[in-house]
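What follows is a group of structures, each given as structure tokens.
Each of the next two complexes has chain A plus one more chain, namely chain B in the first and chain C in the second.
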Partner chain A sequence: MAQILSPLPGTFYRSSSPDKPPYKADGDTVAAGDVIGLIEVMKSFHEVRAEVAGSNIRFLADNEEPVMAGAPLADLD
Partner chain B sequence: MLKKLLVANRGEIAVRIIRAAKDLGIATVAVYSAADADALHVQLADESVNIGPPAAKKSYLSTEALLKAAADTRCDSVHPGYGFLAENADFSDAVKNAGLVFVGPSGDAIRLMGDKVSARVAAARAGVPVVPGSEGRVNGIESARAILEETGFPVMIKAAAGGGGRGIRIANSQAEFEQAFPQAEAEALAAFGDGGLYMEKVIGKARHIEVQVLADGTDAIHCYERECSLQRRRQKVWEEAPSCALSDALREELCASAIALAKAVHYSGAGTVEYLYDDEADRFYFIEMNTRIQVEHPVTEAITGIDLVAEMLRIAGGEKLRLKQSDIAVKGHAIEVRLCAEDPAKDFAPFPGKVDDLRIPGGPGVRFDSMLFSGYQVPPFYDSLLAKLIVHGDTREAAIDRLIRALGELQIGGLKTTKPLFVALAADPSVRAGEVHTRWLESWLTENAAALAN
Partner chain C sequence: MTVRVISPGLATSVQDLGRPGYYHIGIPEGGGMDRLATRIANLLVGNEPGAALLEATFMGPELEFTQAATVAVTGGELPPKVNGEEKPSWESFEVKAGDRLSFGYLKGGARAYIAISGGIDVPVVLGSRTTYVLGALGGFQGRVLKAGDELPIGEGMGKAGKSLPAEYRRPAQAPAELRMLPGLYWHRVTEAAGKRFFEETWKVAPEADRIGYRFKGGTPLDFVPREPPFGAGSDPSNIVDACYPYGSVQVPSGTEPIVLHRDAVSGGGYMMVGVVISADMDQIAQLQPHTPARFVEVTLDQALAARADSNAAQRRAEDYLVG
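This part shows the complex of A and B:
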């Protein structure tokens, strides 16, 4: 099992904009380098990518949730 | 006079407003999100109210939470600061409808000036020169083509509802125009829910010059101009007053036009009329009017000796303008630099860290407006502006020398900030000579990236 951690403190978003579907849904398979969400820090947006491949992603942070650097965002099998 | 003020903002501007209110004997109520519980504005205000979670949408942008805080603490007035709800016409109306005083213009004035097209029409009617372009919204590509005869190329296509540099396209030829116009229309509709466009001649090398006005709904005065040509991604980073580019005759003409506009729209409060100034043609053109107190207001305060925020509060309290135009004179030169929690060595990446060793510059002609204190953890949820360093000297030369001195004294330990950018700019010969325009800094940054990385 692997965990994806937030690289930065800020606000976590699961999609690229409010009217777009989430990058990944719970249960999806993820390839290394896939974007799984965005972190907004001081009005600038940074992509969060999976460092390793995995299956059955389960998000631990909600959309628009404030997170600290190093906070777990999702689990992967 | 107002008795008790809700400060509907955070950061350095909330601190600035609380200070002005206290100087006038007005009680103050700070509001804060869960991320700002220990912020300086909360510590300085007489009372404070938690208005919600860190996300601005649920706290500083929540009209409901702000009005409830004002009612619970029995405030009689609300100051919106800048950003957040400061130029939201519905918020101004909501404050008024709740029986409170909004420290700023009416919802209608904000609406008129907030829409770029209606603002341009109002300016042209008041005799203020506007950039050659469409007289209002452009209806369809046929009439857009006709406007090209006035503007020539390059031409800018802007979303009427856009802002902050968003929704803008530039076409350099007829072919580019034919492609860009329909795209801009579709984009404006998708981004802003409003497909309205307008067109404007692109002025190659322009300076950004703006005039500060104070008005009471009937009368209006100006407090001279500021020049804010040093911009990165259309955000001002360094502002000055007065502009070193204007002749006295053109300065009078520029300031008179700002007053004409403020009077024509029965403006009330502090406002700023923004212009592009074309050095080569020696002409100025109206861009927009900002209906709020601006970040860079302290440079005007430094050269005129007026407390603009205090004047806003007096006007909102029902007083007529205390100052006459003949009371206002320019003394010396002032410069403000914006210290942000960004790392200039890494393409201005945000740096929301914890402040350790803080040393604030002082001495003659130095002012430091900030929300910093030792041990302060900068939250990642809001704007990166930490502090504004404002210097004043007898001449522009003396002000730049003083800026170098003050930057040398300043230390914000624990954070990466934009201080190294200003150390480098203050030493640059073109900046010293005042030979800059609104796109100068972007190319300077490309050329000097290596120097900033060290």
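This part shows the complex of A and C:
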């Protein structure tokens, strides 16, 4: 099992804009390099990418949740 | 020698103690937002306190050294690593030619200061090596670092193992208490709203940066009714344009206070409810988004006493290091 951690403190978003579907849904398969969410900080948005491939992604952070650097965002099998 | 930027971090820039003397023509003083951490990092590697170093915000860069150097990291808790092996903060260590300096996740604070013996030898612009990103001035090509940059480093070598004990550093507060001197426009705010402003706990907004720190979560201010003066806008927070001091707290439309910091714009049309005192400006530099903070009302005498205490604490720390 792998965990995807937030590289930055800020606000976590699951989709690229409020009217778009989430990048990934719980249970999806993820390839290395896939974007799984955004972190907003200092007036810019930073893509969070999976460093490794995995299946059955399970999000641990909610959309618009404040996160710390190093906070777990999702688990992967 | 040079240091190669493998990855830049989020917003890593060259800073020193700033570029005073040009604020009246719109160029802010700039410099490391946490001035004490800037000075100490330099002293730990044997530099002058005002040598140029790197300020890394929220996320560290990865750097490759082409020659041996002494390095020290101060400020926020951003754990340095040499070739993957963790090194202490607030303590100098040696890197060899070919070594890579990287960083773990930020554990506390917001900004780390990375000093390299000899200092970062970018050109001096208007008396300083500080980067003013908004004006594309100074530092490394007037911008934050990018992958592939080659930073010129000056001559000099420090000693490994020099450290500043914790009792000489500024302790973190939770919630952060920012002492504020009410200012010229305080009369624009109703008495009840002014009282509430100091009672409530605010939170650092994710937009906070080197220009200003925005806070949210408190109740919007109520204003004393008025006829807008000629030249001010119709919003009750508008004023006829005025100078903005460092640390001044503007509250556009009365909703979210913004404390102007080292890269502040020098003037504009929002009323300022006061100024955060100079002794608490370094502390703001270390506030992460969503950190709770309170504004604490002080008098001018209390502000001056706090400045004297803060200067004395800085001298004690520097005396400890340089004797």
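As a working rule, the second predicted complex is superposed on the first by the 77 of 77 C-alpha atoms of A that agree within 3 Å, B and C clash if a C-alpha of one lies under 4 Å from a C-alpha of the other, contacts with A are read in each partner's own complex, and residues count from 1 in each chain.
We adopt the following convention: a residue touches a chain if its C-beta (ideal position, glycine included) is under 8 Å from a C-beta of that chain, and two chains touch if they have at least 3 such contacts.
In this text the structure is predicted, and so the values were computed from the model without any measurement.
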| item | value |
| --- | --- |
| Partner chain in contact with A:Val35 - chain B first, chain C second, else both or neither | neither |
| More chain A residues in contact [chain B versus chain C] | C |
| Contacts of A:Lys43 with chain B and chain C, given as first, second, both or neither | both |
| Which superposed partner A:Glu64 touches (first chain B, second chain C, both, neither) | first |
| First, second, both or neither for A:Pro9, with chain B first and chain C second | both |
| Overlap of the chain B and chain C footprints on chain A, listed as residue numbers | 8-11, 40-43, 66 |
| Sites on chain B touched by chain A in the complex | 35, 53-55, 341-342, 349-350, 352, 380-384 |
| Touch list for chain A against partner chain C, complex | 5, 7-11, 40-43, 46, 66, 68-70 |
| Partner chain B, residues of chain A touching it in the complex | 8-11, 40-44, 64, 66 |
| Chain A contact footprint on chain C (complex, rising order) | 10-11, 57-59, 104-107, 110, 206-209, 288-290 |
